[in-house]
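Report on the structure given below.
All chains are identified by letter, namely A, B and C, in their written order; residue positions are counted from 1 within each chain.
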Amino acid sequence: MIAVLPAECTDEQLSAIGLVLEGRGWTSEISRGEEQVILLVSGPEREADLEFALDGRVDADVIAVDDARHYERGRRNRRRMHGLVGGLAILVAFGLGIPVLGYLRAPQSVFAAYEFVPVSSLERLGENSALPVRVDSRLVLLVRQTGRQLYALSGLCTYMEDCQLEWNDARRQIVCPCHGGVYDLYGNVVEGPPSIPLASFEVDLIGSEIRVRKGA
Amino acid sequence: MIAREEGLLAALWSVLRKPVSPEFRSTFVFGWMIVILFVLQIVTGILLSLYYDPRPAAANESVQLIMRDVSSGWLIRGLHHWSSTAILILALCQLLRVFVVGAFRRSPTSWYLGCLLLVFVFAQAFTGALLPWDNQAYWWANRALESLESIPYIGQTLLSFLNGGPEVTDHTLSRAHALHVMVFPWLGLVAVAVNVWLLARQWTRQRGAER
Amino acid sequence: MIIVLARGTTEEQANEVIGALRGYGVMARLVRDGDEPLLHLFDGPTRSARSVLGFECVVGLLPTSGPRIRRQGRRFYPYHFINWSSAVLLMLGLLVVMSGFLPPGGTLEINEQATLTELETPWYLRAPTNFFALFAGRPAWIGWVCFVALLGLGFIVPLIDRFTRRWIRGKWPLKLVGLIALFAWLALSLKGLVY
């Protein structure tokens, strides 16, 4: 039989217990550990009697050695539970982690808002001239200089946002019919009330197809 | 197994392995849940702030972008919203439990910190509800601040502090955003950390050492 | 911890097991319980003892942590940590389910012209709102003063407790006050919803 005693037991307490056990016909051997003291007891009586003998003197656990398999099984169940919780935690980590990774990517609608849209072809635009087109229901002026040099300017006057600009072929200038503002082919103000030049948009030329980028 | 090197890991491991006093009760799990929820709030809050646009004209639209277009945006926003509800309920339950069993006697500092935390959690919930800048939030803020105005002497000053103006304006959203993202999280974090440290110290102290 | 060895185990076999344990940092000594050879693991991380179960002479393990646990309590990791973590995982699962089935609102654009006739009070503000409504007809500042006073009282509970404990013994006053507070909160929250 084994009695497990707290590590705090002093040598005096242990010798006192040893004497008590001797008196009842038991022999005992002591083994000190970091966290407990083991008392190996052999004698004629059973565990219940040893418990009774130690009761009140010291807080001890009495273990019969042949219970080994029972104890090990108990701990195995607990280890299985720990494993289950650990597994569940990993599952949850992946279950939440993968959506978070997806979340961090910019959504498709944001990419779509900056796509290139085909608006016209090179043949319809003469050199040193501008052509008004609609990109996403917004007015944009396509400007061609010489050869394949192209850019796009905002088609709204910077003086009053809701005034749509027109291309004056004769004067070779962009004019605002509302307040008489005039811009050159580069979008700079030539005369009139506007003070801010026209904003530009990205243009892509694929073959003879002209594409303008949506968004600013 | 965690490598047993000297230093931070070893210190952390020794803390985790400390025996906890046998008087420890299972209802103490409320506090642990509050800590975890707090961390969850911070993480989901950071994720939400990646898409949230605090400009008044764009705030609502950005929230709708999160719910509609962003992959798993509904999950992140839902977690943030529901964990705020959970944290409120748990904080109230925790405070009630601590009061009823008299645990505040053992550590009054913990009680004060807990009360402060409850105030922070309420403030977070209120400022957070304002951030989507939708109709409900706007009119609720209006009504709440109307009642503040009626306080004599300090009403107008309070209004000016909390509102950034005489009534709910764009400045209110800026203030709510600053408080929700930059003020209360830090205060809450400090309060939680100190509270956890105090309680861990209390419950892992060996009875022999106390005598 | 104690390792039980099979009857008839030689000293050599026992030393082999002891050597293996030392490799894991566990110190063990051979003791005899009558004719049962036992190994007492007296120092080191005894969890690693599981690794020697593969030896033929090892019959089983006997944990000896009873007295220590009763005096010092269970260690935070793994015992409380695992229990708490299960609770947290359950709660996370619940939150995910609620996010899916009950998404938060907040999608109506602001309409500055029209006030909402039926404002939906957030559930956590129902009690304070109804508390203020109790003071309707009186100047609004009275409601605020009472509210702040109540909060202040709640804050200084430990101080109040220290001065009253001498003549109110026992835990029932706390339970009573707690019950009253809970009931008041619930009643104020449900007012208007249920009655």
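Rule of thumb we're sticking to: a contact is a pair of C-beta atoms (placed from the backbone, for glycine too) under 8 Å apart; a residue touches a chain by one contact, two chains touch by 3 or more.
None of the values given here were measured: they were computed from a predicted structure.
Asks: More contacting C-beta pairs: A-C or A-B?
Replies: When A-C is set beside A-B, the one with more contacts is A-C.
Asks: From the Cα centroids, identify the chain that ends up most central relative to all protein Cα atoms.
Replies: Located nearest the centre of all protein C-alpha atoms is chain B.
Asks: Would you mind pulling out the distance in Å between where the CA atoms of chain A average out and where those of chain B do?
Replies: About 20 Å, centre to centre.
Asks: With centres defined as the mean C-alpha position, give me the chain A-chain C separation in Å.
Replies: Averaging C-alpha atoms per chain gives centres 27 Å apart.
Asks: Can you list every residue of chain B that touches 2 or more other chains, as numbers and ranges?
Replies: Each of 75 in chain B touches at least two other chains.
Asks: So which stretches of chain C touch two or more other chains?
Replies: 68, 70-71, 92, 96
Asks: Counting only residues that touch at least two other chains, what does the list for chain A look like?
Replies: In chain A, residues 8 touch at least two other chains, as defined above.
Asks: Can you list the chain B residues touching chain A in their complex?
Replies: Contact set of chain B toward chain A: 47, 50, 65, 69-73, 75-76, 208.
Asks: Could you please specify the touching residues of chain B with respect to chain C in the complex?
Replies: Spelled out, the residues of chain B in touch with chain C are 15-24, 26, 29, 32-33, 36-37, 40, 60, 63-64, 67, 74-75, 77-79, 81-83, 85-86, 88, 92, 96, 99-102, 104-105, 108, 111-112, 115, 122, 125-126, 129, 132-140, 142-143, 147, 150-152, 155, 204, 206-207.
Asks: Which residues of chain A touch chain C in their complex?
Replies: 1-2, 4-8, 29, 31-36, 38, 40-42, 59-61, 63, 65, 67-69, 71-72, 75, 81-82, 85, 88-89, 92, 95-96
Asks: What part of chain A is in contact with chain B in the complex they form?
Replies: Listed in rising order, the residues of chain A that touch chain B are 8, 99-100, 102-105, 107-110.
Asks: Residues of chain C touching chain B in their complex?
Replies: 68-77, 79-81, 83-84, 87-88, 91-92, 95-96, 98-100, 102-112, 115-116, 119-125, 132, 139-141, 143-144, 154-155, 157-159, 161, 171, 174-175, 177-178, 181-182, 185
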